[in-house]
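For reference, chains read A, B and C in written order, and residue numbers begin at 1 within each chain.
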Amino acid sequence: MSEWEPKIVAFLCNWCSYGGADLAGVSRLQYPANIRIIRVPCTGRVNPKFILAALRHGVDGVWVSGCHPGDCHYIEGNYYARRKFGLLKGLLEHMGIEPGRIHFSWISSAEATKFAETARAVVEKVKAIGPARHFIKRQAEVA
Amino acid sequence: MMSDRFVSKDGLKDGIRRLMERRAVIGPVFRGQYHEFAQLAQVDELDLTFQNSRLSPKGLFHPHSDRMFTYSLAKNDPEAGILKEAPQDYSPRVAVGIRPCDARAFQLDDANFETETIKDPWWVRRREATTLVGLGCNQPCATCFCTTVGTGPFDTAGLDVLLVDLGDGYLARPVTEKGRKLLDEAGFAAAAPAEASSRAGELRKAAEQSLGKLFSTEAIAGQNTLELFNAAFWDEVQFSCINCGTCTFLCPTCWCFDIQDEVSGEKGDRLRLWDSCMFPLFTHHGSGHNPRSQKLQRVRQRFMHKLKYYQDKYHLGAACVGCGRCVSHCPVNIDIRQVAQLMSASCIC
Amino acid sequence: MYAYTDRIREIARRLLSEDRVDLVIGYRKGTVPFMNEPFAARTPEQADRLWWDSFCGANLANYLPRRTDRVGIVVKGCDSRNVVVQILENQIPRDKLFIIGAPCKGMLDRRRIAAELGGKDALVAEEKNGRVLVQGRGFEVDLDRGAFLQENCSICIHRNPVIYDELAADLVEEQSGVDRYADVRQVEAMTSESRWEYFEELIRPCIRCYACRNACPQCYCPTCFVDESAPQWVGKTLDPTDTRTFHFLRAYHLAGRCTDCGACERACPVGIKVRQFTKKLEKDVKELYGYEVGLSLEERPPLDTFKPGDPESFIM
């Protein structure tokens, strides 16, 4: 268990959170290397299928981060995303995915420190649960 | 040797227990809400008082999802990209409680999977490994119509042994050499008294008489194909269909499949899985054209295939054994008996 | 029940002879007990084959999306709400519809009745005064209708159609004091591991026939996610992860769109309680966004809109 390092996929919106991650890097802020970033134009673009695909691939955690409500580069993308994600997280956890695997945040392109802190928090939470146990598609389990 | 034997109810259990020591025994087991054919862990799981299983036992030879081949995609693997046959278990096994309709269906399926020129090795090897012990239907369901389509509640076609429930025990009739060998192995040696055989005959007659003749498959075979194809009644028949796969997946004579590759990391599988002509993408071509893009075309195809084309092609009767599963479970009550009556009508209007 | 049948036939006959619609979608009596078949009457004569009883559980709104003809359609309370959603989602124009509303006291669950009969074959079922008389070979039982309702009907709070052009019967009293989410709360009280096992057991019999999806009036995507192959989001075998993905994502697609009509559970040939997925979403949509599906043509579906003050307690 002490050997295991979680793999966490982070969907970051290009205009805010990705910028924040970039600023964190440029500012030499330390955050865990467990985060694998996928840049998307907007959190509104994040299709629930992406999160499912990530879980099926065996990632230990998924993190989606975008602009603060009201600051979306596309005006309203993150408002729709907020509704989608609330329901998605609810159903995933209802189905038995451990709470603490799926995370959402609003981080602006200036909030480098917040990015690093949130990254650390996400990794801590996922580490506490352990490696992904469910919903992983490897070889088809056929009779 | 090929004459009827008699075995008590407990005797049957003992015999099956004996068989289970050497090979897998599969039979109807009640799970959840219905019976399914499953490998017995203990003989007490076997329930021969069932009517029929929800899904047909065709899964014994043609499972829903089947791994055909595996392959490696590893960069430095000299065997990368080469299909290797996935290991399967073809050890001898017994299926008990197969209804005559389902056994007849396997023969109809054989016409597809085992021809003069093409033999599907997965199907063929599983068929060869399996001894089929049938159970006559003393009381056919209200939705059964096996006698209409050329089989019957006590028909032995496709079976190796036929059991008849006489109340105090079973008549065990060996049908093939394979079946006789199994009865010997199970220890069912006691010859049946003549009275038991005649009682079985009476049960057979009563069961057959309880089933009427609902339509004539010969009449459908005799129809002009194009006239049947263009008949006006298809519009009404197809309206309610929701194009799910229920009829196809429950049907013992449906065999259509899809083959898909699934890759996980550096390993891949070539899988065979059930498909249905009811699904809109069934006839979707690589070019994008779909000759059966309309629901009417698909619904018509199903009934034409089962009741007309199959007859014309193989001369084995219709590709329907009257098991009644589609009749009972179609979510919108499309009734093949009714469609067949429309198809066999002397005036196609 | 027979009064409904007469009324529906009368309305259909009138609509067809006055050429106000091209067809009337209703039900005709099934060929087996406890089942009816969705049926399109296209002439006044065919209208006489329309039928209504407590086994009209199929959701006829399933036959509406993308129709271009003038349609008369018989709808129960739940079905009418699906029609509202379809209009909101531009699947069918309101002016092409003549909606015949059928206030509903609940549809009966044929599998619950079959279980009650213990495997005996029913031949005839007749309804009278809240009782169902079932006859078969050598037996006869008299059942209390109320004990055999479809699960969704027993907790229904919208029995009356919310949209209609003409009613086939008087409005019925809505049920009150109904707890719609007892089963959802039961799962919510479980640990993650128990929840996982609960749903694993629930979908174990699934044979991926897609009857649930196809019976649903809200499932009308030109290409279902199951059939998408570039990329392939879900495999088509009976692999448990793939089957779980199918049910999860299908339910999620119905967030804020499902009216709990029960057509999915009714259609499933292996009796899976697929509503256990959608009920959770229905509860969340209600609690988070105060929205009930299909009650108003003026409200956009919840995932098609937003409020600046939407709940975000789940955001870090």
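The rule is short, and it goes like this: a residue touches a chain if its C-beta (ideal position, glycine included) is under 8 Å from a C-beta of that chain, and two chains touch if they have at least 3 such contacts.
Computed from a predicted structure; not experimentally measured.
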Task: Chain at the geometric heart of the assembly (C-alpha centres) - done: C
Task: Farthest-lying chain, centroid of Cα atoms versus that of subunit C - done: A
Task: Pair sharing more residue contacts (C-beta pairs) when B-C is set against A-B - done: B-C
- [ ] List the centre-to-centre spacing of subunit A and subunit C in whole Å, with centres computed as mean CA coordinates.
- [x] 35
Task: subunit B-subunit C separation of Cα centroids, rounded to whole Å - done: 32
Open item on the list: Using Cα averages as centroids, what's the distance between subunit A and subunit B in whole Å?
Closed with: 48
Open item on the list: Two or more other chains touching the same residue: where does that happen in subunit C?
Closed with: 235, 237-239
Task: Junction residues of subunit B, two or more chains touched - done: 65, 262, 271
Task: Multi-chain contact sites of subunit A, meaning residues that touch two or more partners - done: 137, 140, 142
- [ ] Note which residues of subunit B are touching subunit C in the complex, please.
- [x] 31-34, 50-51, 54-55, 64-65, 139, 141-143, 236, 239-240, 242-246, 248-250, 258, 260, 262, 271, 273-274, 276, 279, 281, 327-329, 331-335, 337-338
Task: Touching residues (chain side subunit A, partner subunit C) in the complex - done: 48-49, 52-53, 56, 69-70, 76, 79-80, 82-99, 103-106, 118, 121-122, 134-137, 140-142
Open item on the list: Quick check: in the complex, which residue numbers of subunit A touch subunit B?
Closed with: 137-140, 142-143
Task: subunit A partner contacts - residues on subunit B that touch it in the complex - done: 63, 65-67, 262, 264-265, 267, 269, 271
TODO: In the complex, go through subunit C and note every residue touching subunit B.
DONE: 30-32, 35-40, 58, 62-63, 111, 115, 119, 121-123, 136-137, 205, 207-211, 213-215, 227, 235-239, 263, 266-267, 269-271
